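Pasting in a structure now, in structure tokens, and then I'll have a few things to ask.
A, B and C label the chains in the order they appear, each numbered from 1.
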Amino acid sequence: MSAETAEEQDLFEDVDLRGIKIRGWLFHAFCLVAALFGVVMLAMLILDVLWEALVGFAIGLDPITFLTSTAHRDPFSAGFIAAIVGSIWLMVFTVIFSMALGIGTAIYLEEYAPDNRVTRLIEANLTNLAGVPSVVYGLLALAVFVNAMRLGPVILAGAIALALLVVPIIIVASQEALRGVPDGMRQGSAAAGATQWQTIRQVVLPAAFPGIMTGTILALARAVGETAPLLMVGVVLESGLIPGDPFSRFAAMPTEIYYWAFRPVTEFHHLAAYGIIVLLTVMFSMIASAVYIRNRYERIR
Amino acid sequence: MAAEDGSQSTVDAITGDVTAADRRRNRRVRRLLFGCAAITVLTTVAIFFALLDNAFSFFYEIRLYEFLLGGEFSQRVSVWEFVAGTQWYPNHGIAPAFGILPLLAGTFLIVVLAAFVAIPIGTATAVYLSLYASPRTRAYLKPTLEILAGIPTIVYGFFAISFITPVLLRGLLGPFGIEVGRLNALSAAIAVGIMTIPMVASISEDAMAAVPDGLTHGAYAMGASKYQVAIGIVIPASLSGILAAYILAVSRAIGETMIVALAAGHSPNLTSDPLAEVQTMTAFMVHQVRGTSAVGSVEYQSLFAVGLALFLITLAANLLNDYVKRRYREEYR
Amino acid sequence: MATSEPTVDDLAPTLETNVAADEPPADAGEASEETVLHASDLTVYYGTEQALQPVTAALPEREVTAIIGPSGCGKSTFLRCINRMNDQIDGCRVEGKLRFYGKNIYDNDVDPVALRRKIGMVFQKPNPFPKSIYDNVAYGPRIQGCDDDLDATVESALRRAALWEEVSDRLDESALDLSGGQQQRLCIARAIAPDPGVILMDEPASALDPIATTKIEDLIEELAEEYTVVIVTHNMQQAARISDRTMVFLTGGELVEFDRTAKIFAEPEDQRVEDYITGKFG
């Protein structure tokens, strides 16, 4: 027994793993710390916002006033409602423009497009569009819709900027959903004498619908927090009026947050924290509903 | 003859225009959908020409389309001054200066500092996710990173001015007697870095996952430790994919707007001091559009000149990323 | 022979007159039967590769024709020529003629979409659409724009597919909730609902368990009373059990023998066919 052990020790005598082990341990620790860094930062960020909001509450900023009033020079009577309504208007028109454009393009690329140079150009362009900074979409809307077409800095112009911004996201998500529809279904429909559009309309789209909806909602969750394009279009920074139609001037949740965070008066920072809580709540509800849809309809795959 | 009639009706059914209406609709839909796809291409073209058209009047007082229609132009700003000038005071009433270098330098400073945060942490996170994390840990870590990626940049900006500067930087640097101003490049850069960590991590992890198992198993069978496999096999084999992640993150950082507009300051300084106030190209655009200058004035049109520069720089980064990505796809085909 | 079967006449009015006429068609191999499909020198290429050697064969009406052969021998390729599903494959080229009631379906004036409305198809893997059972069966009639009395059409198709008893009380439920065997019978119901006349089946039972397979086989025999059935199978016993005629393809896409099933399995002409059937090869 002991002889054997001794022999084994002899066998591995020339193997010295200590250096490797220490370096391996350090490397593992470094990677772990790095991975935790993101988690910690997310926690700090949320705690910071909550803390700022709490301080605001302590100095007497009334959350009810905040949710029911429009913006005001006096932080204690200032509220978010005009910005909330502005964001709702924006989302309605962003959905209309971006879904039509995004899903239409995705269907064309996945179901109809021949494998030629035009198609490759369209696809290469999409990769590029996804990388264009959001502020540039704002400049486009400013130059073309606000100034050249004399639309003015209205909700519709903001919605166009946001829609163009999220279209690439919707296209990619929809393409993925369409690709997930088994080819057997397309063939079954074609063999029943359906034209390609009949197949898409009646078989492919219903099957891909949950995936497309998930992607679209996630894209909108991104759009609702976008600030820079709206600033370029020219929002009202301190909005005292609730917009009544898509041709009104407007403020949106993120731009109002920007304005309050930007002001040196600290009370406004606490208002910004309130605003962030509302914005994040809206965003996370959207993301949660997208995840719900995905899980609910996953079995079609 | 009856038999003739019978087969004739079938033949009619497959040759006649029975499905003509359906096929017409199919063609119409196909054209409509191609129209959608064409609009996405048109968007890029529109961005480029809208910026070029307006930027032209920044330099030559009239818009490009007016020039092409034979309009008289007079130079307001020379292209050389714009590209090489070291001072940027577009709103100065008496002696305006239009050199973009301070804005480029501000952008560059932010990007470099952010890269110091995002690249090591993002890469190490990717290594952890692909080699060390248990499935359970992954199941928590990945969604957390996705949430981090989904936080609006305006919130990161708020985080920078309400936490990173007053708590983190003043807390760490204050004891050494270093003054930290309310607005500074470092704070904004850290926030930009945190924002891009998820992007670096997830794209790098995808690249690492694409490394064939045979390669790593071969190394393990040779008696390599996990650390040796990570450093010696996985990272080198996925290097071009990781590189693509870095390029994309840099491109995002260049175009990032709200964090720098809030936290980096308003002074277009040509400096490398991380604690100084700087103005990036994007921050300038946000600050400038809020001003009251008239449409068509040189200071208003400077928006588009800077926007065009920004667009071209990010376009170059995106094309580079595309090139690197395609090369790395080829590696494992 | 058809006059004694009024139900068939109701269901397949286009076939009625053909059968009622006692005229032998000009190019039919068998004098007593109507030829539905007649291939002459039908050849298929995928790119430069020849997937099917020239095939010449006449398939009679209301019989089950089985296509057997080792994998990759062109069975499915031939089947997919019949309703021009090969059109969907890039680089696929078809030469020669395939006459459907005397009309070459590869003529320029033939509309493949309309053709497929006359020739139903059942696939190897059940492919129900993510819709209700009812909507699956109603799919064909609906896209063809004949949706009057859809309920009766659906019920009749489900009855003929021997599925009515099992699903009559849950027609609104998703077709994806059915078992694999039920799904395949649903696909058969879907194929026969628009009353196509010819039904193509591409190994319809290969993804099913033995009990479900038996049900499908019984069903095919019943269908042959009303429809012309062409079925690809890799299972020789199945071909022997259910088919009237058998086409044997061998490697390289060559049609080696085509005859009555009894003859093929009892005394094949070609030595290679005998080897294949007795298991010496393939």
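General remarks:
Going forward, a residue touches a chain if its C-beta (ideal position, glycine included) is under 8 Å from a C-beta of that chain, and two chains touch if they have at least 3 such contacts.
Quick caveat, the model's predicted, so the values are computed rather than measured.
For chain A, the chain whose average C-alpha position is most distant is C. Note on interfaces A-C and A-B: more C-beta pairs are in contact across A-B. Taking each chain's centre as the average of its CA atoms, chain B and chain C sit 55 Å apart. Distance between chain A and chain C, defined via averaged C-alpha coordinates, is recorded as 50 Å.
For this pair, chain A with chain B, the centres built from the Cα atoms lie 14 Å apart.
Contact with two or more other chains is made by residues 193, 195, 198 of chain A. Residue positions 113-115, 117-118, 143 of chain C each touch two or more of the other chains. In chain B, the residues that reach two or more other chains under the touch definition are 19, 22-23.
Chain C meets chain A in the complex at residues 83, 85, 88, 90, 113-118, 120-121, 123, 125, 127-131, 139-140, 142-144, 176, 187, 190-191, 194, 200.
Within the complex formed with chain B, the residues of chain C that make contact are 14-18, 20-21, 23, 25, 34, 100-103, 105, 107, 109-111, 113-115, 117-118, 143, 197. Against chain C, in their complex, chain A makes its touches with residues 115, 182, 184-185, 187-195, 198, 202-203, 206-207, 299-300.
Residue ranges of chain B in contact with chain C, taken from their complex: 1-3, 5-7, 9-11, 13-19, 22-23. Of all residues in chain A, only 17, 20-21, 23-24, 27-28, 30-35, 37-39, 41-42, 44-45, 48-49, 52, 100-101, 104-105, 107-109, 112-113, 121-122, 124-129, 131-137, 139-140, 142-144, 147-148, 164, 167-168, 171, 193, 195-198, 200, 221-222, 225-228, 231-232, 234, 237, 254, 257-258, 261-262, 269, 272-273, 276, 279-280, 283, 287 touch chain B in the complex they form.
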